[in-house]
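Each of the next two complexes has chain A plus one other chain: chain B in the first, chain C in the second.
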Partner chain A sequence: MGHVDGNAIAGSLAEIFPFDVTAAVGRCAHCGSTGMIGDAMVYFAATGTIVRCANCDEVLAVLVETPSRIWLSLSGVRGLTLPT
Partner chain B sequence: MSFITRGFSGRSRERDPRLPPGQTKVDDWPVLSAGPTPKVDPEVWSFTVTTETGAQTHWSWDELRALGLEDIETDIHCVTHWSKLAMTWRGVPLDKILAGIPTHAGYAMAHSYGGYTTNVPLPELLNGQSWVAFEADGTPLEPEHGGPARLLVPHLYFWKSAKWVNGLTLMDSNDPGFWEQSGYSLHGDPWKEERYW
Partner chain C sequence: MSDPPPAAARTAWRVGTVIEARPETSSARRIVLDIPDWPGNDAGQHLDVRLTAPDGYQAQRSYSIASAGLGSRVELAVDELPEGEVSPFLVEDLQLGDRLEVHGPLGGYFIWMPQSVTHDARPVQLIAGGSGIVPFLAMVRAHAAIADPTPFRLLYAVREQSDVFYLQELLQLALSGLKLDFVYSGTAPRDWPVPAGRITKEALAGLAIPASEKPRVFICGSTGFVELVAGWLIELGHAAADIRTERFGGT
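== the complex of A and B ==
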């Protein structure tokens, strides 16, 4: 199963953040490379959505939408910067 | 993936008693992956059990299979509301893998090639309740389905049946695995609909 780019999660993340997260630049906690979330690799698993670093394939973020809440883990992102 | 109707009540026909609540029967086998599919050659595949003291036991592909393959017929239940009934599987029971390993741990973390983890209470891996599986429906497991080997814990939701499994770490505490850290149940009993926290 292939992946799509980070813009695919813009809608879900718009429910959480009051800005366009796909334009935010994050640093990968695994390999240290920087990139826009919109350029990361997004995999839709049966259980949720995984965002992986386009450089090293490691997990940047996990998004799970349950009937009662949204879970967002950004454990693989070290800092997000945004244009003001 | 086939279309799934949530809350299907089966009013017009008998509901299959093998289906837990909230589940719908499928005939295909849906696949959605959380990342690139690891391609693991049996020549380099290995399985490692690490106890709570850090002691490790390793098996090669041939060594693990030589512990004794069993044929299993079972239903599987995905947390995304599909169930696949009466599948046949072939694998080595965890009873045989853990037989000679001294431990007082109450829990296990399954580890996979590709980095996936999932936690299961250790007693629920024993007594004929789980296997390291190599075949399903008469054919070797495709990489997309977790081959060359995946955990099979059919009495729990299928995310607990870790694809590309390569080991277990025995733990004193019930630490959450990959999906369990993001809202999924620490236990995952489909008959109790233990889907989320």
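== the complex of A and C ==
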């Protein structure tokens, strides 16, 4: 299946953060472009969910969920700005 | 809808009860849930549905919400993917009175807020492919309910008229200000002015608010549809920052 938008993982991110991350603006650590998390490209796979930069295609974040825990790596995101 | 928008409503796992379920098209079903602690939702938000099998196996999928505003009544419309894991259950097996685990309301990215909140007078172009109409139902309903002055235009691409979700309600809204256009990829209704066929860049240019008017654009549908339309809009001069997308998956 093709990718979906960052908006599609709003639920998983809401398990971790007390605010809506999809409308937050992040800077890609690879290409330096900024964009809303909702604009990023999300790929679901059996092993986990991969979030890629819509500009350069590099990995922004990886999310792995099991019934007992959630693991999130934000290694490709340099800074997040949230509307307050 | 005169109530303030529930923008800051907290997200949580909740249990809803099916209070209405009826066929929407030959493959889709409208499902209304009563969720007693639902905090309300903005137009365009979605929720996640979680199914748990007797052996503990869980499957989770996102569904857009066709309703908006306050109240415990939450409306969904689900299209069945014949080989799918979750949608056949929701369309074929879910019964009135059943309870469903949902996580929401979710997402502040693909939402429409009234002009009284955003102070943004630019026109809004909505472009739906198939079941991608669902979040737009919430938007056009909210827009009509408060008589928001923002010009709204909806372009709805479907295979044929029997695949149109919410046909009567959309036609009704079209009588009261919504500009509504259909593109039929399979069979056009009798007397339809243009022949049926897959949406083209030319059709899009003719049926969408032109880039010169700087519309805010929302596109929703299968991933392939969204990619195609978003790409054409950029070529037609729309700014990427003015385009919001909601890909449902698939190709």
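Worth pointing out:
Here, the second predicted complex is superposed on the first by the 83 of 84 C-alpha atoms of A that agree within 3 Å, B and C clash if a C-alpha of one lies under 4 Å from a C-alpha of the other, contacts with A are read in each partner's own complex, and residues count from 1 in each chain.
Criterion: contacts are C-beta pairs under 8 Å (C-beta built on N, C-alpha and C of every residue); 3 or more make two chains touch, one makes a residue touch a chain.
The model shown is predicted, which means the values in this text are computed figures rather than measured ones.
When the two structures are aligned on the shared chain, A:A10 is found in touch with chain C, with no touch to chain B.
Contact with chain B, but none with chain C, is seen for A:V59 once the two complexes are overlaid on the shared chain. Once the two complexes are laid over each other on the shared chain, residue contacts for A:T84 go to neither chain B nor chain C.
Within chain A, the residues touching chain B in one complex and chain C in the other are 1, 3, 44, 67. The touching residues of chain A, when paired with chain B in their complex, are 1, 3, 43-48, 50, 52, 57-59, 62-64, 66-69, 71, 73.
Those residues of chain C that touch chain A in the shared complex are 11, 46-48, 56, 58, 60, 62, 103-104, 106-110, 222-224, 227, 244-251. Listing the residues of chain B that touch chain A in their complex gives 1, 30-37, 78-80, 115, 144, 159, 178-179, 181-184, 195-196. Across the complex, chain A meets chain C through its residues 1-8, 10-11, 14, 20, 22-23, 36-39, 44, 67.
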